[in-house]
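Labels for the chains are A, B and C, by order of writing; each one numbers its residues from 1.
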Amino acid sequence: MSFIEVNEWKAAKKQFFYKLTAYKGFFISLFIAQFVALVFSYGGGMHTSISVDLVSLTVSFYSGDMLFGFTLIWAFIVAAKLTSENYRNNDFSFVSTRISSNLSNIALIATLSFVGSVTSLMAGVLLRVIVYFTTDIGMIYGKNYLLSPPELLTGIYAAFLYLALVCAAGYLIGAVVQMHKVLIVLVPAVLFGLVSYELTKFGTIRWVEYFTSEGSLLMFTLKVISAVLIFFAGALVLSNRLEVRR
Amino acid sequence: MNVIECSGLTKVYGSRKAVNDLSFTIAENKITGLIGRNGAGKTTLLKIIAGYYRKSAGKITVFSKNPFNNIQVAEKLIFVDDRMSFPPALALSEILSSAAAFYPHWNKRIADGLLNYFQLEPKEKHQYLSKGMASTFNMIIGLASRCPLTIYDEPTTGMDAAVRKDFYRALLKDYIEQPRTIILSSHLLNEIEDLLEDVLLLRGGSKELQLPIAELKHYAVGLSGREEAFAEFINDVDILHQKQMGNVKYIVVRNNFSESLQKRIGMSGVEMTPVATDDVCVYLTAGNKGGIDDVFHRSE
Amino acid sequence: MVSLFFLPIVALIIFAIVFLTKKITSKGFRYFFLGYTAVLCLAVAVHYAIPEKNFNSDLKRLTYSESEVDLNAMDEFYDALYEGRIADVEGVYVKSQWSLEVEENLLQVVSRDSEGIPSTIVAERKETNDGVIEVTHYTTKRVVEGFDFTEQIQPYEMELADGVLKILPPEEYRMRIVAFQTDFEISQFQEGDGRELFDDMDFPSYGFGEEVIYMKIPQHLQVETAPGVYLDILGEEE
C-alpha cells in the first residue's frame, strides 16, 4: 500500500494505542453483553419434550449461540459507532489524517474482534461449567458437553473471522450513513427490504448463507478475508474525501 | 521562510464564499493575529490551514505542502478551539499523557504546571468542565504540544478576564522559550495586541489588510473639530469612520498625511488623535461608515 | 424468524450497554477486565478438569447395529401376535406375568376411572374352562431417541375382583436430560452436524417399541370392555 506514507503508519500506531485506552468502555460493554447472554442462555435454554407410550423425555438444550449472537451484534454496533462524527472528531484533536484514523480503527476492530471471539467461546465454556455444577450430573448428556481443545480453537478462529466480517460490514455501513443525513433512514430501510425479499423469495438470506454454509475452513477464511478487504476499502474511499466538521 | 503561503484561496459553501480570493503569507516563528468579525471566514481559513476543510479554488501550502489530509502537515500543527473533543472515558491527566505520545516536543513540565496552576482536577472528565475551564484545558494542550505551527481559534471563549491575562502571558513566555509559528484568531484585538507581531484582518472572506502591529498603530488617525474646519484636508483621503456630536464632527482617516499637512491640520484647530488598533479594525470591517449610529439617525 | 423478531430488541439492549459504558474510568475498567477474564480462565480450567467418565453411562444411546434384533422384533411383532407365536419372537421379552382366577362367566375389563390403556390387549381362548386367566406382558425394547427405557418403565398392575379385571397402567416414566449443542461457529466446520443432538439417529423414527398384554382366557369366558379399552380375541375379530 504505497499510497500510505510511513508517517501515516506511525500516526496510526499512536492512534491505535490511544484508542485502546480511550475506548476501553467497548471491552466492558462486551463483557456485560456476554453476561446478559449468559443469563439468558442459562435461564432460557430450549426445551423439547417427546412423549411416547409411558415415556416422557424432556431435553433441555444449552448452547453458546446466544453468547456468540450477542457478541456479533455488539461488534456491529461498535464498528458502526467508530465511524460516527464524535469518534472521528476525537481523532482530529491530535495528529491524524483520514487514512491514519481509518487504519487505527481497523487495528482496533481487529483487537475487539479477537477479544470478542476468545471471550465468547470461553463464556460458552463457563456456561457448561455452570450447568455442570447446577444440574444433577446423571442428567447431563455427554456427547457435546466437553469441548475439545481443537474444537475450542476452531471456534475461536471462526468466531474471530465472523466478528471481523460483521465489524467490517458495520464499519462500511456506518461510513455510508455518515455521507448524508438521509442515508441514516435510507440504508437501514434498504437493508431491511433486502432481508425480507431474500427471506420471502428464498427462505434464507443468500449473502448470509454464502458464509454460513461454507464447510471448509480454508474457503471460509478466503471468503471472509476478501469481503473484509472490500468493505474496509470501501469505507476508506468514502471517508478519505470527507471534511472534518469539528 | 514562509510557513503558510496562500494565493487566490477560495472556499465556497453553496453560493456563499466563506473565503474569497485570499492571498497572504505567514512567516516562520511569528505570532499572527487573525482578526475579523463573526462570519469573516476566520475559522474556515484556519480549518483549511489545518487540513480539515478542502479548498474550493486557489492555492495553499503549509510547510510547502497542500495541508488537506496530509500527514506531514498534520504532524507539525495543532489546532486548538473550543470544539476540541476527547473520548469521555479519559480523565484530564490521561488526555495529557495521550497527547504527549503524539507530539515529540511535548513539554510535560508546562502541561502539569499549568493544569495545577489553573486548578484543574487531573481526574476530572473533559465533558464535565465548564466552557471556560475547557478552553483553559485546550489551551494547555496547545502550549505544551509545542508544535511548529500552533493555531488557536478563539481560544479564550468562556475564560474570565484573569485567566485570559494569564493565558496571554503563558503564551508569550512559552513562545520566547521555544519560538514557533502561532496564529491566534479573535474578534477582540485590544487584549492581544501586545502579543502580536502581525495582524491579518479579514472582511467578508477577503483580506482587508496584513500589517505588523506597529504599523497598524499608525494606520489611521482621528480628526475632530467643526466640519468646515477640516473640509480642505479630506478631499482625497479614505474616510474610515465618521460621527457627528453636536456641531463637532469626528472622522477617522487613513494616516497618509505629509508632515507639513499635519502641521497645517494642527494649526487649523482640528484635533488629531491616534486611533486604537482595535477601533481601526472595527472601522475597516464595518459595513457602513457611520456605524450603528446611522441606523438610529435614519429612523429618527 | 423468531430470532429476527428479537434482533432489534437485543440490538437496542446492547446499544444501551455500549452507551452506558463509554465513560468508564481506568480503575473501573481494570476491575472489570481482570475479574471477567479471571472467571473465564477459571471456567476453562475447571471444564478440562472434569473427567469424561463422570457422565452417566445410563445415558449411553443404542446404535443401529445394537438394535437390529429389536427392530426386527418390531417388524414381526403384530404378525407374530395375531398368529399366536409372540412368545417365540427373538427380541420380545416378558415384562411380567399374572395368573388370575375368575369364578364368574363374564369378565369386564376396565382401566383406572375412564382412562384408556396404552397397550394393545389381545386374548386367546384356551382349550379348557379352568377358570384361570394367564396374563403376560410382552414388550420389545422401548427406545426413545436411542435411550433404552425398557427397564425403567414400571410394570402394569392387575386387579381382579368380582369378575372385573382392572388393568392399571404405570405412571409415565419421566426423564429429563440436559444436552449441549455444539456452537454454530464450530459445527459449521465439522463432519457431522453437532447442532441436532440426535442427528446421528438412523432409527426409523424418534422412538420405537411395542408391547402387548396377552391373556389366555378360559374357553367360555365372556369378555366385555369398558369404553376406551380395546381387546381383541384371536380368531374373533370382526
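Here, contacts are C-beta pairs under 8 Å (C-beta built on N, C-alpha and C of every residue); 3 or more make two chains touch, one makes a residue touch a chain.
This structure is a prediction, so every number in the text was calculated from the model and none was measured.
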Argmin over chains of |mean CA - global mean CA| returns A
Among the chains, which has its CA centre at the largest distance from subunit B's?
-> C
Gap in Å, rounded to a whole number, between the CA centres of subunit B and subunit A | 48
Subunit A and subunit C, separation of their C-alpha mean positions in angstrom | 41
Report the inter-chain centroid distance for subunit B and subunit C in whole angstrom, where each centroid is the mean of the CA atoms.
-> 87
Listed in rising order, subunit A residues that touch 2 or more other chains are 21, 23-25
Which subunit C residues reach two or more other chains?
-> 22-24, 26, 29
What parts of subunit B, by residue number, touch at least two of the other chains?
-> 87, 89, 94
Can you check the complex and tell me which residues of subunit B touch subunit A?
-> 47, 51-54, 69-72, 74-75, 78-79, 81, 83-87, 89-90, 94, 98-99, 101-103, 141
What residues of subunit C sit close enough to touch subunit B in their complex?
-> 22-26, 29
Interface with subunit A, subunit C side, in the complex: residues 1, 3-4, 7, 10-11, 13-15, 17-18, 20-24, 26, 28-29, 32-33, 36-37, 39-41, 43-44, 46-48, 50, 52, 54-56, 58-59, 118-119, 142, 144-145, 147, 149, 152-153, 169-170, 172-186, 188-189, 194, 197, 206-207, 209, 211
Residue positions on subunit B within touch of subunit C in the complex are 87-89, 91, 94, 125
Could you please specify the touching residues of subunit A with respect to subunit C in the complex?
-> 21, 23-29, 31-33, 36, 50-65, 68-70, 73-74, 77-78, 81, 119, 121-126, 128-129, 131-132, 135, 137-147, 149, 151, 154-155, 158-159, 162, 195, 199, 212, 214-217, 220
